[in-house]
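Here chain A shows up in two complexes: once beside chain B, once beside chain C.
Showing the complex of A and B:
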């Protein structure tokens, strides 16, 4: 069975294994979100007070950055479906760059918090804030590694309209990273 | 067999089964001591029987892993083992060192043994599962290094498959994390903290990689399903194992003085640890259902499926039962832990080693599979051992519930020993199930000696 036929058969873009992985990851984050909700319900005042100290502007910018990057990665998939390898590599490269912007902004935020002497043991809110955003941070890095591998292969013309499962796999993972942030940002930075 | 040097696996498998019998005998001794406290006292006190029971388990599983690696690696890398002679030398060193250690446990008071073996130079003894004298620990490191050297040299000059890479990653991890057994800080919190880096990161981390690799290898052989499909599953399982298992270490850090956030992390990530085990079950059944050939070794297929199901139940479900911090607050260190330990070790590691032995041993003895008669006996042994270990688990769970209820949860908690008396009925039933287990194990050994018509090895 060719890769293309397999794709049509399974109805999911990219490699089937990545979807098992995505579901497991979403489950892990889902459990963490529920844990956050439980912990918050126990001490709403503390959570609200600590939440005030977060930099909502940089969080909002990062949200825009990731949503834009998702658009770029979708354009990359679209390009390779029309056999435009170079365009595909360019769009994925732009996605990668926005990932780097996200990492830079988030690092500055972490730096600010650590400089203020905040650690995992400061209080429950900061524990969840640091842990959840750090896990997400690691996923952005992971996504960038996957993108880098796909970009290199795409530049060499390794994908085409008939065989682009690799591009779709990377894009699916990247969308998940974006989706998680879209939930994470309002949950931790905004909702009170 | 395809490569002559695979034959070195045979003594490892035989030693593993021999030590397995020893482990079960000591298990029965201490099982009886639960209810007849002075049984065999003072010759074999409970703490010694327990130490021998757990240490033999670990050592025979290590023999099993090494034998499996020596069988698997030549076939996967498509060349002969780097040095079969080295493999045989390390076998004897490991066996003699292991035997001497057990003899030391049994015939020399533990403190004297510590004095004789250099514990005053570097104190590493006296900690659960890591009771081995310093010289034994050093011996284990030397054996592990020579073993890894042999395996890696074979891998380097041959074909590199995902299965052999995952296996080697697991084996390297096994060796690296054992090094923490030499680190014994005087601060009890730090001591326990790093003690788990050996114990937890072995059984809920790197050993699972070894398990996955061995299972994948046997499934390729007995089902004929494409390597590509099986390796993809292996990667997903391994990733999930590491994501959940490494941070899952936190479920041991709830009450030992580690930072409070471990109660959240330990609960969340260890609650996800059943996922890779569930995937393994789905994986095993899926591959067998999609099989492209009818392998004559039905017993090995049964063990492989048993590994999936019982590992999920023992490690996954029974682990989850008491892994959440608010639950563990009551169950910590009760018979709930023992019930989980028994089914998890059996389902995950005993079963996978026997899966490999069951698949490889007939081939090492010059036939594709044992005679039908021998296989029927072996399958009986599977059911006897598996059903009786499930009952041991259920009885210990019942004892654990009694313990939590009367000793921890109650408004007027009873004393430890008074509660033990209340749970005695379950300990008796556990001992009964243990006897059936031994019968199952002896049946398994007997299956090796049953003759009958066999086909020559492919």
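Showing the complex of A and C:
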């Protein structure tokens, strides 16, 4: 992105379109988070009892995984701004691997619940839990696809200090996935 | 960007996450625990948005939008909690 185009978009990192997408996603998740909280208010005992069946440790580990991945992707952006293509690809690769760790841990949690016969229709807590975390899970997968494309290009030296909007776009999407989980974890796993 | 600064932010985020986890693992319940974990989420969100996403270099409206999202969503979650 040229300096002129950046000014037009108030200096936002990456492609402006991703910011419209980020805001739309945050709005959608925000509505669902609030809907969860009000649904819980109608049946606190059911929500608290169902929450007890979740693996809070897995949720916390996944929080640490996403936060660390956000740090890695920020280091990747910093590297490309200094023309360090290989370092950038390395940090983004490490981010991608942490995304895979998140997917593995969350899949194990889903498997445990499905094995226990729990579905979307078991009760309203599980409906929200499964829908919200699966929706978020799909965003992690989407972020990994975007990262993979950017990693391939970065390895080929396709970005540099003057042209790294692609890296920033992927990074901004990835940070959004982290921001959503920052609310999701306390809301669903901790608050009772 | 000084490499040490984002590392400090990351360490603070880890510490805040462990605090939330400890509150969840303890028997702490009620409004105090709820408001504490929501406030921690707000602080973590600001750290990620301003320092990792780089919004501190952007027009203030965008920072306010993210802050506003955390305040409104967190505020409504707290309100719903108080209704019980």
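Odds and ends about this structure:
In this text, the second predicted complex is superposed on the first by the 185 of 192 C-alpha atoms of A that agree within 3 Å, B and C clash if a C-alpha of one lies under 4 Å from a C-alpha of the other, contacts with A are read in each partner's own complex, and residues count from 1 in each chain.
Keep in mind that, in the parts below, contacts are C-beta pairs under 8 Å (C-beta built on N, C-alpha and C of every residue); 3 or more make two chains touch, one makes a residue touch a chain.
Predicted model, so just to flag it, every value in this text is computed and none were measured.
The partner that reaches more residues of chain A, of the two candidates chain B and chain C, is C. Once chain A of one complex is fitted onto chain A of the other, the partner contacts of A:120 are limited to chain B, with no touch recorded for chain C.
Of the two partner chains placed by the overlay, only chain B lies in contact with A:24; chain C stays clear of it.
Applying the stated contact rule after C-alpha superposition, one finds that A:60 touches chain C and leaves chain B untouched.
Touch criterion not met for A:104: it reaches neither chain B nor chain C. With both structures placed on the common chain, the touch criterion links A:49 to neither chain B nor chain C. Of the two partner chains placed by the overlay, neither chain B nor chain C lies in contact with A:149.
In the superposition on chain A, A:71 contacts chain C only, with no contact to chain B. Contacts of A:12 after superposition: chain C is touched, whereas chain B is not reached.
Of the two partner chains placed around the shared chain by superposition, neither chain B nor chain C is touched by A:138. Chain A uses residues 27 to touch chain B in one structure and chain C in the other.
Note for the complex: chain A touches chain B at residues 15-17, 20-21, 24, 27-28, 31-32, 35, 39, 120-121, 127-128, 131. Residues of chain A touching chain C in their complex: 10-13, 19, 23, 26-27, 30, 33-34, 37-38, 40-41, 44, 56-57, 60, 63-64, 67-68, 70-71, 73-75, 77-78, 81, 168, 171-172, 175, 178-179, 182-183, 185-187, 189-192. Interface of chain C with chain A (complex): residues 1, 3, 6-7, 9-10, 13-14, 17-18, 20-21, 23-25, 29, 33-34, 37-38, 40-41, 44-45, 48-49, 51-54, 57-59, 61-62, 65-66, 69-70, 72-74, 76-77, 79-81, 83-84. Against chain A, the residues of chain B that register as touching in their complex are 232-233, 235-236, 239-240, 243-244, 259-261, 264-265, 267-269, 271-272, 275, 279.
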